[in-house]
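Two complexes are shown next, each including chain A; its partner changes from chain B in the first to chain C in the second.
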Partner chain A sequence: MNPLLMINAFTAHLGRISVIARHAFTQLVRMKVFYFLAFFAIILIGSNFFNLPQHEGPEAAGVNILRSIKSWSLGAMTLFSVVLSIVATALLLPKDVEDRTLYTILAKPVPRIDYLAGKLLGVLLLIFVSLLVMDLLMTGILQVRTNMVLSKQMAMAEARGWSVSDIAGLKADILAQGPTFSLQGAVLAVFLRATVIASMSLLISTFSSSTLFTTIVSFLIYFCGHFQADARAIYLSSEVGTDVGWVSQAIALLVSLILPDFQLFNVIDSVIEGQLMPLVIFGKLILVGLFYFSFYLIASWFVFAKKEF
Partner chain B sequence: MTDSSPAVEIRHLVKDFKTSFKRQPLRAVDDVSIRIMPGEVYGLIGPNGSGKSTTMKALLGLVAPTSGECAIFGKDSLKVDSRDEVGFLPENPYFYKHLSGEETLNFYGKLCGIRGTKLRDRVNELLKLVDLEDASHRRIGGYSKGMLQRIGLAQALIQEPRLVILDEPTAGVDPVGSREIRDLIFKLKEQGITVFLCSHLLEQVQEVCDTVGIIFRGRMIKEGNLDDLIAIEDQTELVVKDASPELVAEIAALIGRDGAAELVRTGKPRTTLERLFLRETRDQKNSESNILK
Partner chain C sequence: MTQGKRYVILGLVVLVMGAARLPLEQGLSVELSEKGLVPPKLKIDTGDKLGQTFSAVSLGGLRTLVATFFNIRAFSYFTEQKWSEVAETYNIIVDLAPHTRYYWDSGSWHQSYNAASYYLYQSNLPAMRRKLAWKESILTGRNFLERGIRNNPNDPILRQSLGYLLADPNKILAFGDTGKAFEESYEAYWSAVQTGKARGFAKRAALYSLARVPGREEEALELALEIRSEMPVLPPPTVLGLLYSLRYFADPNQSVLELVDDVFPTREIGYEVLGNVWLRSRDRFPVHGSAKALVLLENHFDIPEAQSILRRELALPMDPNDYF
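Entry: the complex of A and B
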């Protein structure tokens, strides 16, 4: 094929995908999904007032508040992104079929893969924008709170006559609980997890006939995904001659092949505790996200390409 | 591809749908062949469940034929590029309720690769054509049935297709809206656009179509030029204005004297209920607007 024609065809694909993605984004925005952001703001403000019992010494005073802000914020982000990635993806396809808007779209020169990719990217765009806004809110409040804790603790340390190195150590400990690059990495991990879940829901919605079925099955698979590592371990151990039955072996193989290991994303918890996210883990999460996005999208295309309306 | 290739070519189309286990598949379309030449207006008529919509869907690649082939301007219907020059209005369409009429046309235009000034001009032109300029910024969710059909027709025409497929274009629309859609089909015909429509409203099909196919239980039972199909070959119609009873009696006597010819019926021709309705509502509208002036 002529390279120029190939470039034109590729540009046309991107153009159509972008139109469908922007439309899906607008559709979800006009469903007033962003109201969740107000809910998030309330959670964020509320997390400032959670005074957990303090067991550590006075040098740790205020740090719990920083952890609480991060924990509640990332928890709310996870909840929002997981629910939205499943429900929005499960909703968009059956709704188009039911309303027959899909007929008018597929009756245009729109390849089915463009339609699927556009819908998925529209959902992901919405999640990305929402997480970005939530991240900005969280980082802003965390920065203000960190400065408050820092000035209080520095005054306390100086009053108690701590050495310069001890003060520097205390400062580093407090800053590690504030807004860090690892925290931004954790937010990105939340987004990548949502990407995997949305892609998986897309695949389910291509062969399911209702939004409810897609939603329930997607949540179940998300839940099962947390045991993917265990399933993989069962399958691998069965190969070296244990007494695992062939049914268990087959199920374990299926689960470990099809489902992503959602435990990988538990790295978010250690970031809440103030630990650094290693760059290797970060890179691994990106690769896992991209792999499952592509895998589920292509699988969805195989199912959807044969589907009759 | 030259213009001499048929706009629509359906050859021996068969479509079976799977039902539950162990039961025979349901044959929705059974060996249907249709050929529509460019510029023609073709009407496919038949009762509910006779296979009209399935035939159209097969032509658009929305369902895959069990056997047989469908092509649009020589391109296989299962290929995406066959849809380059087709506009489709499905039966009872629902467009995205959150979009306005203008946004809807912009969306479909962009899907067809139209951008910028060209798209803007085309959208304005179509809004004018379907008489929705005043409602262009209103959300589709607030449109009436007739307005939905008209915006549906506009989206079908967005990329200036050479073939327009209309599935029950006037279903559920009031007589005025129905007449407007019929007038639009006439405009398309004047522009040389091929129209393939299916409808229950036989009178409308009769008004606009050149060729008609009658489909029943999935099989094409009659097809041909409309005038040829509906003409009663052994009868001649003579409509006379301001004829006195004496003249009518004289004509009747003349026919009686012929021996071979037979007078079947005399009387006043009747208008249709649709024409009566349209005339009365138009007169009412005019008198109301005169009072307001």
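Entry: the complex of A and C
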């Protein structure tokens, strides 16, 4: 095939996907999804001023609030992204059928893969924009608060006559609780997990008969997906001669093969606790996210390609 | 191809792809665990205690948030002085957030200090019961801290806290053999130093504990000299006091006043430091040659014998039997 024709065909695909994605994005924005951001801002500001009843020695003063801000923010981001990725994706196809938009689109020379990819990217764009805004808010407030804690702690250390190396150590400890590269990695993990959930919901919605069914099944798979690693561990441990019956082994294997492993994206908790996330882990998580996105998208197209409406 | 056939093919493809990704996901999962990036699985009893919250916790990203709420609950139990509930709540908290130093430190502190003090003064309990509860609280706090260290081997602060607890004059008798407690305190402080992230005082604290271990005076002297050589300014009084005592122990026949002149910047400072170390008997610091030096210095400063430090009453080491 002529490479020029291939490039043209590819560009045409991208153009169609982009139009459908923008339409899906606009459609979701009109559903007032961004109102959630106002709640997020309130939660964030609240967590900044909320003095939790707890003990703090002079050397810890203020550091706990940084962890609190991260916990509240990433917790809200997790909930928002999971709910939105499932509900918004589950709504897409049935709504287009109900509005008869689907018939209009499919009557045109639009490949069904372009339609599905566009819809999915629209949802992902919405989640990305929302997470970006939330991340900016979190990082901003965390930066301000970290500076406040830092100046207070530095004054304390100097007043006590700490050595230069001790002050540097204290500074490093506090900065590790502030906005770090790893924290951005945790937000990326939230987005990647949402990508996997949305892609999986898209696959379910291609053969489900209702939005409710897609939503419930997706939530169930999401919940069970957090135990996929346990099932896999049971299956793998049974291979080396442990006392696991063949029925348990078969169930464990089936769960491991069918469900995605959502535990892989649970780096969030460790990052909140101040753990560092190496760049190579970022890369690997991105690859996992891309794998699930591509696989579920192609699988959705395979089911949807010849579906009669 | 019928839609039914498509579903069957899809099912098979899902299984094949699952088999292909299984070893890769397992590898990544192990890597994340090894790097401490994925929190360990919750214990079964923690899951039971969490109840409905367990579902929220299982959904990742909410464990630290739930731990924050449990920390508030622990604070309420603390204000109500329900110590077993405080301990139980902290067990849940650290299962949820095992890498947060604060929870290990506070959980241990509540038991070793707050609960232990509570039982010390709980006059409505029989003496035997109070003594046992006092000791158990301190040991519970110690065990909790040691668990924290096992979970966070690179954290110097938890190791320092353990070192401090083991050498605390108000707690040390709960550990039985005081020499062994000081030795373990030294090991805790020294392991903190070896993480490379400990604050400067950790090395000095290691010396303070090592100097109190019977039979390790020579090592303590080496460490004291090392600390002295590393300090550009005058070391803290306790280091100077230990330097004198340990050097005297190494050679008891040397001239005491010459040793005082060599260790301390002035004889006035020497007298003040040695006097304080002598009076702080509850801290159990070695006082080799201190009495001799104090007598000579008091003669040197013409201090009347009636005002001699050596005539002052010493604070007795804390003995639980005095309280119960």
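Please note the rule applied: the second predicted complex is superposed on the first by the 289 of 309 C-alpha atoms of A that agree within 3 Å, B and C clash if a C-alpha of one lies under 4 Å from a C-alpha of the other, contacts with A are read in each partner's own complex, and residues count from 1 in each chain.
Everything below uses one rule, namely that contacts are C-beta pairs under 8 Å (C-beta built on N, C-alpha and C of every residue); 3 or more make two chains touch, one makes a residue touch a chain.
Since the model is a prediction, treat every value here as computed from it, not as a measurement.
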Will chain C clash with chain B on chain A after the two structures are superposed, or do they fit? fit
So, A:166: does it touch chain B (first), chain C (second), both, or neither? second
Looking at A:104, would you say it contacts chain B, chain C, both, or neither? Reply first, second, both or neither. first
For the combined three-chain view, what is the angle at the C-alpha centre of chain A formed with the C-alpha centres of chain B and chain C, to the nearest 10°? 170
So, does A:12 touch the first partner chain B, the second partner chain C, both, or neither? first
With both structures fitted on chain A, tell me whether chain B or chain C touches more of chain A's residues. C
Taking the superposition as given, does A:27 touch the first partner, chain B, the second, chain C, both, or neither? first
With the two complexes superposed on chain A, say which partner A:302 touches: chain B (first), chain C (second), both, or neither. second
Between chain B and chain C, report the minimum C-alpha distance in the superposition, expressed in whole angstrom. 10
For chain A, give the residues common to its interface with chain B and its interface with chain C. 306
Okay, in this complex, where on chain A does chain B touch? 12, 15-16, 19-20, 23, 26-27, 30-31, 99-101, 103-111, 306, 308-309
Per the touch rule above, chain A residues touching chain C in the complex are 52-55, 60, 63-64, 67-68, 70-72, 74-75, 77-79, 82, 162-163, 165-166, 169-170, 190, 193, 207, 222-223, 226-227, 229-230, 232, 236, 256-258, 261-275, 277-278, 281, 284, 288, 291, 295, 299, 302-303, 306-307
Over in the complex, which chain C residues touch chain A? Could you list them? 1, 3, 6-7, 9-10, 13-15, 17-19, 21-22, 25-26, 28-29, 31-32, 35-39, 41, 55, 58-65, 67-68, 71-72, 75-76, 97, 99-100, 102, 106, 109, 197, 199-201
Complex contacts: residues of chain B adjacent to chain A: 57, 60-64, 80-81, 83-84, 86-96, 98-99, 107-108, 110-113, 152, 155-156, 159, 165
